[in-house]
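To start, the structure under review is shown below, and the notes come after it.
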Amino acid sequence: MSEQNTQVQLPPGRSAPPARRELVRALPWLLPALTLILTIVLFPAAYMVWTSSRDVSQAGVDRGSAGLDNFVALLNFPALGRVFTNTIIWVVGVVLVTLLISLALAQLLNQAFPGRRLVRLAVIVPWAASVVMTSTVFYYALDPFYGVFNQFLVDLGILDAGFGFTRRPVPAFVVSMVVAVFVSLPFTTYTILAGLQTVPDDIVEAARMDGAGPGRIYRRIVLPILRPAIAVAVLINIINVFNSLPILRTMTGSIPGYDADTTTTLIFKYVQQDRQVDLASALSVVNFLIVLAVIGIYLAALRPMRDE
Amino acid sequence: MVTTTPETTGRRAGASAADAHRGFRPRSRHGRRWTRTTAGVVVALVFLAPYLVMLIGSVKRHAEILRIPPTYLPTEWIPSNYLTMWSTPEAPLPYNLASTLIISLCGTVLVLAVALPAAYYTAKHPFPGRAVFLLLVLATQMLQPTVLAPGLFRQFLALGIDDTWLAMILVNAAFNLSFAVWIMHSFFAGLPKEIDEAALVDGASKLQTLRHVTLPLVWPGIVTAIIFTFIACWNEFAASLVILTTAENQPLSVAITKFVGQYDSAWHYVFAVSIVSIVPVVILFALVEKRLVAGLTAGAVK
Amino acid sequence: MKRFLRWSAAFVIASLTLTACGFGGGDNASGNSRKLSLLVPSYSNGTKALWEGIIADFQAKHSDITVNLEIQSWDNINDVIRTKVQAKATPDILNIDAFSGFASDDLLYPAADVVSPDTLADFQDSFAKNASIDGTMYGLPMIASARTLFYNQELLDKAGVTKPPATWQELYDAAQKIKNLNSGVYGYGMPLGSEEAQAETSIWIFGNGGSWHEGDKITVDNPRNVEAVQFMKRMIDAGLTQPDPGASDRTPMLDVFIQGKIAMAVGLPPTVGQIAQKNPQLKYGTAPIPSKDGQPMTLGVADHLMAFKNDGSKQEAVKAFLDYFFSAEVYRKFVDTEGFLPTTKSGAQALKDKKEIASFLEVLPGARFYPSTNPRWAATQGALQGQIGQIGQGKQPKAVLAGIQAKADA
């Protein structure tokens, strides 16, 4: 469309601001997405913010304005420090480990070997399964009494008796992180694998001819080409892991106290146990602002948007 | 100049690299293949282990699933769980499966239709507000579904489309839009500028370039986005739970919770339904996997 | 430009297809005074069929009324109903455990407005009282359950315990003897995980003459309660319970009991059926729950039906349905099939010879209830579920109860 623009050229310096023209040109491409977001997402998001400033009864009836009371109550919550620490460990740990394993896994899946297609299909399965079900089956298999994984460890002689992996805050939190990595691997691996397809063989070839070792080729040629894929995979993982509820809810759900909670599961506990939707909304608003800030910093630092 | 059969080119390039390799170290090639296959088997086992537990549980008798000590294999195989589960008193599963399929397929198509133009344009054309747009799109992902569900329910109630597939298609599309845009954006952005420029110089219009040149080259990205969106729609739970009230309209993710009772749960059905709900996604993946892997090769851009 | 139009056309066609996709959904009943919506939890895998049968029979009798049934799992029903309340789209009739939150927000019809005087008079007095706030009854007690001690006869025999324990000390000693067997079984199953920790804790504090409330005030942190929880902690610290009691949920704990690995645990009516289904060989007995001084005591719990006022146009239809549900034969069948205890006088009469529930009916008259009509109870219960298990992780009873008290007062 733009190149067919037959607008009369105005003398330079007196034209309509080019910025606005560019924006107008961009609109038809963006409008469908914008429409969908504005019509579907805007109201519930605004409703969440609204609820965070209301006094909502346990049954769900709005009893009037609460000002900032919910946020004050949040700040006075005694376990908040522990919950924030957990959240940082959770996000950083899961995302980093996922990335490292995925890089190796993608490398393996990019090599030719018999049965590769089947292995690739196997790797996709945790992604295809719902996270709730994956967590549930892990929880079941790790049960100290009737869990198969526990029994396996006992039969191997590693454990004397079933261990309550999901019964104590720290082991349960660690196991949850393992599950979180497990379910994040397929997507991350595939994004990187797709990125690996864009690595030109002849450049790698040329480098090899020049005597560069595999490590050097990987660092100097492959990684830079993977950068956009990695940047997006990490970005999506940060958001997903930060907002992940089902894993911790399932694996640590029966554990009392807040020693294994992140801000996301705390939101859930405010709703489920304390029946305080207003407080939960306030924490969601805080949660949202934190993710937004983290992502903002991430984008500013890495610039995966490629402003050329 | 531009070939659209990257597959063959890629394979040839890969083969030549391997040939060159063999020239240096003739023996190790076979050994490496072996190591890789072994590693592949280990990887596959690790990734499948929990689902094997699920699969085995799904053919156990109800009472055996919670036996202490647990049995690795069923003492009595009940494959008929996969038949009986379709007509249980708890959930109308055939309808639930149909609902899930329709919602996910329509949702994915809608996402693609909406996200593709946005991803392309933002990657290829700088304009003021581009960063704001991308961040706005991303922000939709940062909201908690649990807390959004009340607002969504209220909104669709007001629109008169609560308890409809349309509502869930819109919800799924709106909330999965962002990752699709971002994934495809990164692939468009990764394309060398020369491709577009070459095509434009040849006199092709922007849309022609997009359709005939750019799209085939970013297939891996599009396929990743499709899979990502489809799976997200397939497993969506929080919004369906409150928006879809009729049992027949609900997706599998909600239906499965009906097997979890107050004092006892039909774990064999929970596991069987889970297995059944994994299969279509794996099939979808098996179909598009080649596309994903073939993708762009440098050979195509000379 | 032409191409752009072509793409736009493709987009429009795609959206039309999508819109068409959306017409598959059902339509929502609202407004019509003869259309009732009913939201219920799933008690068992027979619940849905049971309700569908009742509704079909009811509609056959009242051809002008239609009832739309929505069933949710216990895990989800609270989220669903809260969302509906927030959106002012509540069902006409709801079945759930606690009604007081809805009543105190003035959302419910008083019971007298939605059932006939005969139906109302048929409720057993203790349940009717427990369903009333300031003398007005809002909830319709629908089913009840009570707890009793289940014990594994073989294990007690093996350990040389001759009769089931009646006092805390006897329970302690019996559990110690089981522990001394050293055969990988546990003395007492104590489920303090978030699922039902409030029930287990209530059993202990009621067994010590304690209480969760004093008049209108929730009193979690009082001397008798602290003493009871201290004894619980003694049991845990002495290793007389299953491992990690603080994070054991009730259902899985009972599964371990059913598999013969726990000697004694508090169970409820459906436990009988589960043993029959999962491990019929188990030799077990039931006995009153041990208390500090041996005085028999149990925890009673009732679930309720309640009618939402909404726009006030459906009172007659609601009344017709609820009277039908509580009519002798329909009600008996419901309670009997689900395996719970009846809350009506006629129901109790009809089921008095059912042997699976005989031991529960026996203890029911002395049952104590949660203070569920107190508007702060829901928060207290949530806090109990989420916090009390910490005594199994080394925290002191007094401190844990004080923490729960703080949440109750918040």
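Letters A, B and C mark the chains in the order given here, with residues in each chain numbered from 1 onward.
In this text, a contact is a pair of C-beta atoms (placed from the backbone, for glycine too) under 8 Å apart; a residue touches a chain by one contact, two chains touch by 3 or more.
All of these numbers come straight from a predicted model, not from anything done at the bench.
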Farthest-lying chain, centroid of Cα atoms versus that of subunit A: C
Which two chains share the largest set of C-beta contact pairs: A-B
Distance from the mean Cα position of subunit B to that of subunit A, given in whole angstrom: 15
Chain centre separation (subunit A, subunit C; CA means) in Å: 36
Distance between chain centroids, defined by C-alpha means - subunit B, subunit C (Å): 39
Residues of subunit B touching at least two other chains: 66-68, 110, 113, 146, 149-150, 154, 170, 205
Junction residues of subunit A, two or more chains touched: 1, 4, 28, 32, 145-146, 271, 277
Multi-partner residues of subunit C (at least 2 other chains): 4, 11, 79, 82-84, 86, 252, 255-256, 259, 261
Footprint of subunit A on subunit B - complex, ascending: 10, 13-14, 16-18, 20, 33, 36-37, 39-41, 43-44, 47-48, 50-51, 53-54, 57, 65-70, 72, 110, 113-115, 117-118, 120-123, 125-131, 133-144, 146-152, 154-155, 170-171, 173-175, 177, 179, 181-183, 185-187, 189-190, 200, 205-206, 220-221, 223-224, 227-228, 231, 234-235, 237, 253, 256, 267, 270-271, 274, 277-278, 281-282, 285-286, 289, 292-299, 301
Complex contacts: residues of subunit A adjacent to subunit C: 1, 4, 28, 32, 56-62, 73, 143-146, 161, 164, 166-169, 172, 253-257, 269, 271-277
Footprint of subunit A on subunit C - complex, ascending: 1, 4, 11, 78-79, 81-86, 101-102, 104-105, 107, 184, 192-195, 197, 243-244, 246-249, 252, 255-256, 259, 261, 375, 378-379, 382-383, 385-390, 392-393, 395, 407, 410
Residue ranges of subunit B in contact with subunit C within the complex: 62-63, 66-68, 88-90, 99, 102, 106, 109-110, 113, 146, 149-150, 153-154, 157, 160-167, 169-170, 205, 207-208, 241-242, 244-249, 257-266
List of subunit C residues in touch with subunit B within their complex: 3-4, 7, 11, 14-15, 17-19, 21-28, 41-49, 70-71, 73-76, 79-80, 82-84, 86-87, 89, 251-252, 254-256, 258-261, 268, 270-271, 274, 277-279
